[in-house]
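Notes follow once the structure below has been shown.
In order of appearance the chains are A, B, C and D, and numbering begins at 1 in each one.
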Amino acid sequence: MCKTRREESAVASVLPFSPAGALHRTEAKMPPLLQLSRISKSFGAVRALNEVSLSLEPGEVHALLGENGAGKSTLIKVITGAHTPDDGRIEIDGHPVGALSPARARALGIGCIYQQPALFPDLTVAENIALRLENASPARRVRWAARHAHAKELLHKLGAEIDPAAEVRQLSMPDQQLVEIACALGSGARIVIMDEPTASLTQKEQHLLFAVVRGLRAHGAGVIYISHRLEEIFALADRVTVLRDGASIGTNRIDEIHEASLIKMMVGREVATIYPPAESAPKDTVLNLRGLCSREGGVHGIDLEVQAGEIVGLAGLVGAGRTELARTLFGITPADAGEILLDGAPVCIRNPGDAIAHGIAYTPEDRRKHGVILEMPIAANISMAVHQTLFPGMWLRLDAERRLALDAIRDLGIRTTGPSAPAGSLSGGNQQKVALARWLATKPKLLILDEPTQGVDIGAKSEIHKIIRRLAAEGLAVLMISSDLPEILGMSDRIAVMRGGTIVTILDGKPDAHRVMAAALGQSAKEAA
Amino acid sequence: MKQSFLLVLFLSLALGSGCQKQSDSSGGKKLTIALMPKSKGNAYFISCKAGADEAVKEMGADLIFDGPTDPDPAKQNEIVENWITLGVDVIAVACENKEGISTALKKARAKGIKVVTFDSDANSDARDFFVNQATPEGIAQTLMDEAARLTNEEGEFAIITASLTAANMNEWRKHIEARLREKYPKMKLVDTKPCDDLKDKAQTEATNLLSANPNLKLIMAICSPAVPGAAEAVKQAGKTGTVKVIGLGLPSENRKYVHEGVTQSVILWKTTDLGYLTIKVAADVTGGKLKSGDTTYHAGRLGDLEVKGDSIILGKPFIFNNENIDQFDF
Amino acid sequence: MSSPLKHWQAGLFRHETILLAVLLAEWLYFDSVGRRFGTLDNTFDILRHSSEIGLLALVMTPIMLTGGIDLSVGSLLGLCAILFGKLWRDAHFSPALAGVCTLGIGAMAGGLNAALITRLRLPPLIVTLGTYSLFRGLAEAITHGVDTFTDFPPSFLALGQERRGGLPTQAWIFFAAAIGIWLLVHRTVFGRSFRAIGYAPEGAHYAGLPVERRLAMAYVLAGVVAALAAIIYTARLGQAKADAGTGYELFAITAVVLGGTSIFGGAGSVHGTLLGVATIAVLSNGLVHTRQPREVAGMLTGALLLFALASGEVSKWLAKFRAHGHAAHPTPPLSAPDSP
Amino acid sequence: MTERSSLQTVSKYFRELSVAAVLVVLLLVLAVAAPAFFDAQPLFSRLARDTPTLVAACGMTLVILCRQIDISIGSQFAVCGVCAGALAAGKEPAFVVCVAPLLIGAALGAFNGALVAGLRLPSIVVTLATMVMAREGLRWTQQGVFINLPDGLQWFGLAQRSGQCALIVFALLLLAAMAWAMKNLSAGRFIYAAGSDAEAARLAGLRPRLTTFLVFVLMGALTGLAALMNLVQSPQVDPKSGTGIELKAIAAAVVGGVAVSGGRGRLWGVFAGVLLLACVNPALTYLHVEAYWEKAIQGAIILLAVVADGLRSRKAREAS
């Protein structure tokens, strides 16, 4: 019911504008909305940005591509005034602007949707939006009614069913993302920056987002759009600029360039985007779930089998209960009904410790918060789940640990200065590999991967895919959660689709995207197509 | 790892320097007297120090005046032991806590350092002489008798003390209660409140005591900040005169209330004399001019004083009241 | 680790190294000014006087590594001291037996903190603020503040006043505890877990570490060691009273922070704490020997604390210049935890 | 519908209500057992005596909302009091005496704030250091000698009762004003924002570090004000005054439901907390409970308050 309403409103907000109109605008000659000239920024010895130039025309969606650590986020923070550049010039409407502060940038009409929602968990949705939109003068009287009305209106425009009076801490990740988008929408900003806005969005919410982007473009605003998902870039962008190692590799009109060459520009080498094929026939059943329920976790009636050597993709919208199922299997939100059978034997999993003991491994969704401990050395991160086995008794054996780490670094190709470097010093992809290494060290029977390549750059992405496939080939049972549909389709031997906290269907063979989306969306399947 | 290694290296260095330092002895040309109050930042002991300085100037000795910042037996103990190693000639201490400090003092005597106690005594085997401005019994009895006199030996009264753990005040309370039992059956101690040695808290506590015990006749404040605190409370309660206030305190802090008739009497001794005498005794004990067995002692400007056993009697506690309080400026 | 020079540079900016320099400077200054400062006797005095607070600081370190804090140790010391006295005098236990029981009581008190913090997930600051008053209050209630326990047998007092094998007796206990806790923090899986919890409690949970058990362990250990300190305190002073150890928690925390342990958890070391304790102890002792009034010790300690923190910030900056730009937030620990 | 919403309000204000409930129960017990508790005179002077704590607690609330803490206010309190007293004794004009402590407090607060917000040092350690330094410095210079104030100063020269009323009314007005500002002024919301998520605040252009700094300055100024309000209640200044007020203020804030993790809590809850803690100690006197139970009972109350909250949120966790 509510879904359909969302759809309509979204469509409504798309209707008046057409991409053609937007393109027309770009041809009209006027000074660029935003002109960055030879921006440089260093952190200590590291040159994060090296003489990067970028121009943003009115009514243009300008995609920014690049592997993690290429300097995209730094560039954004420069534009939003969060970082001050060491060198270079910023012009808006042809007028040079001096030092930018977040406040000043906002005053100049620059809005931004950050990758991790930059919201205040303790404050209400309405207030979060207001704090981002209202001008920040301390003596201002707060008008609560107006705040709520405004928030309601914005959220309604997005077709989001979020109570403005709710505290943000109670919202799901995608809902928080929507609040972010509402901020950008309400800011009336002429320069809108979106840093991987779709990272945690469901297919349908992505459509809403695209509608917003097109709306902004039609209004003559300029959008800088960052994403790892090339299909989005091709669907939305007018021009695309590629960054690599803090330098600008080049800017092209989207219709003058194709995927392969973009990837080549990003990675600096050819990368196979084809997913590694299945190598082994599934063997005997490892995991068997019968009517699994967890009230705390919010999943119920789960029936699922995973064989050794197969990769089962867990598809569905965010909030459909995929991560929740993983957390239940891993004992973070223990099951309170149904049974879990490992190798045919029923097991009871009350906490992660039990799960590990039974050979279950789980690389969580939020890598920076749960996956690895950024401040600790790579070696310590890798050995963390195998304390009992690696350190019999209680004494650390640093040599053994170091060896373990070195092996992992070699096997998984982790790019680092050494096992004692803090995990935080690694790029996202390599952090993910460390997280993976931690769990491979436990010699698991079942490996649960939650968004294994989210925010991971293309190069590392395909490497991780290869690793996963290899592990399966070695006889590991893999349960892979991903919102990246091509990934699910490409990697999985079977796909279990979840909706509303339970598995609605299991698709064998190689199904097409539509069937998966249809299952994930339930009745509003056609709209998904 | 590296650090811990360096630490070991450092410690050995420290001990090393210690060993070769063992030999040197205290080149004591000038008499060094160490004087310790119960706690620093306490006006009472500051006025004692005034007298001490006077005496030191007279005899040209060297005075160290130091103590814990808050009354803490452990810290007193620590400082005494530091003085022992520092090699002072004589130590004069106002003991926060008999047993707490006696161990350290015994150690000092074993090292040949003379020990004098003043204000409040240590175990008798832990010191050579006690400068006895007043024994706990003496103080307690004076207070209790004064209280009885003011209330015609009947009615309720309450005590405000520094803290429930302050050793010497607990001593006084014990003797006060003893005196109460044996001599004043018609009087009743209704409550005892701590004020953490803070005037403000004393004022609050007194306010509550006054209304919680409507027929309270008298408040006895046995730590110096509590006297003006209690007085202010009585004054604010408009019970000036109907509820008497007495206590141990400095004239300077109470003059105003005594004149207003809120506080009837403040009991203390001439603190400057106490300081003066303490230093004199300390010096003469080390000089051998004062030995155990003497019955009189000539204490400079104080003239001849009686010596009872191993304690020099400064005289009975002194009662300041409206008539005489203006003659004293400490 | 690449070149010895680089390692040396890294070491140069470590908090502990700075602190060690300060300590040496202190020592040399007092040694040159104070006539008897450097003597063996005085060194032993410093050891004896700092052993109780030292013990509390030592055991505060694991707690602060987990990102927690324990304000109740000082009060617990008081409670344990008088309970020890009561067991010995009123229940006629032998000092040894009474001691053992006291340790048990300390463990239980620590267990109370642990239970409230882990089971109910309450912030340690608040829980221990409550038990800070509670324990002291119980001590006063039991003794009515008045009751003082003394006249312990000399065999027991020797623990705090005599020398054994050239060192003050309690120094042996202190060093044993120091070594034990150093090993615990730097060489066992427990210490590892403490750091992990301090850096990222959730991350530690996801890695399958028994977070609650480890936290509980830290606080129970604190209780036990506080009891041990109480016994030593009683032996050193030859008396136990309800006000024993008032304000010690602040000294302990000061020492730990001065020693470079982060108040936010994760980063820190036991040898750093030892240096912190030594720095403060030497300072307060040295000032007596240079005849400075007691107040100065307090003021200098405060100043030293600020200085240490500020210098830590500076060295963080320098560390940033060497580290990768993106690792800068949150900044990696200055001394990479127990890297060989 | 209505009762559902009322239920929501109850759960929203659970903490404040529960503290208020405990307070009411305590007062009822007193009303029955010791009606003297409510006699006008002691009541007024008791309330007046508690106004400094209330003012300090208000400031502390802001600091904790900023996800910081300030344990140095006890020393600040003493320093401000002594300075003001010295000025008064030096026959300075009244307004100087009144303004000086505020400025001195603000300066001390600014020092803390600069170190915390400027150098990003942990506030608990910074204020621990400044606490010791200020306290010992004062002890060193003042040596604990009382300062006698001129007669004109007490109760600002008003009659005692009206002076007490003035203090109480003023404190309540201040509380109301701050409570209103925290809810309805952008400045107040900035404090919540800064405490809730500093980085998000920065990205929203709210300058959280400046906010934090200013909150510390305000804390200092309020401490100075508290010292002044304490000063005028007696003709002498005790240089040890204010010892332990920081713990009172923190305890009141925590009991009143302010989360030490920052961003959550309301001043009215803190008001309830202050009243509750302020009633416990006198209650013991009126109920003739032996004084040596005081600390234990206070500790128990703090624990009860947080344990109740802990149990409740645990239930919430299990229910979800």
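One rule holds in what follows: a residue touches a chain if its C-beta (ideal position, glycine included) is under 8 Å from a C-beta of that chain, and two chains touch if they have at least 3 such contacts.
It should be emphasised that the depicted structure is a prediction, and the values quoted were computed from it without experimental measurement.
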item	value
Set of chains adjacent to subunit B and to subunit C	D
Between A-C and A-D, the pair joined by more C-beta contacts	A-C
Identity of the chain that, by mean CA position, is farthest from subunit D	A
Chain centre separation (subunit A, subunit C; CA means) in Å	44
Inter-centroid spacing, subunit B versus subunit A (mean Cα positions, whole Å)	71
Where subunit B and subunit D are represented by their mean Cα positions, the distance between them in whole Å	35
Overlap residues in subunit B, where contacts from two or more other chains coincide	40-41, 69, 164, 194
Multi-partner residues of subunit C (each touching 2 or more other chains)	140, 144-145, 293, 295, 298, 340
For subunit A, residues contacting two or more additional chains	none
Chain pairs that touch, as defined at the top of this document	A-C, A-D, B-C, B-D, C-D
Interface residues, subunit D side, partner subunit B - complex	34, 36-37, 39, 41-42, 45-46, 49, 136, 139, 142-146, 148, 160, 230, 233-236, 238-241, 243-244, 281-282, 285-286, 288, 291-292, 294
List of subunit D residues in touch with subunit C within their complex	69, 115, 119-122, 124-126, 128-133, 135-137, 139-140, 247, 250-251, 254, 260-261, 290, 292-300, 302-303, 306-307, 309-311, 313-314
Complex contact set, residues of subunit A against subunit C	42-46, 48, 69, 330, 332, 351-353, 355-356, 362, 364, 369-377, 380, 384-385, 387, 391, 394-396, 398, 402, 417-418, 420, 422, 424-425, 427, 438
Complex contact set, residues of subunit B against subunit C	1-4, 6-7, 10, 14-15, 17-19, 21-22, 24, 26, 40-41, 64-70, 72-74, 77-79, 81-87, 97-100, 102-103, 107, 163-165, 167, 170, 173-174, 194
Residues of subunit B defined as touching subunit D within the complex	40-43, 46, 69, 164, 190-194, 196-200, 203-205, 207-212, 214, 225, 228-229, 232-233, 236-238, 252-253, 256
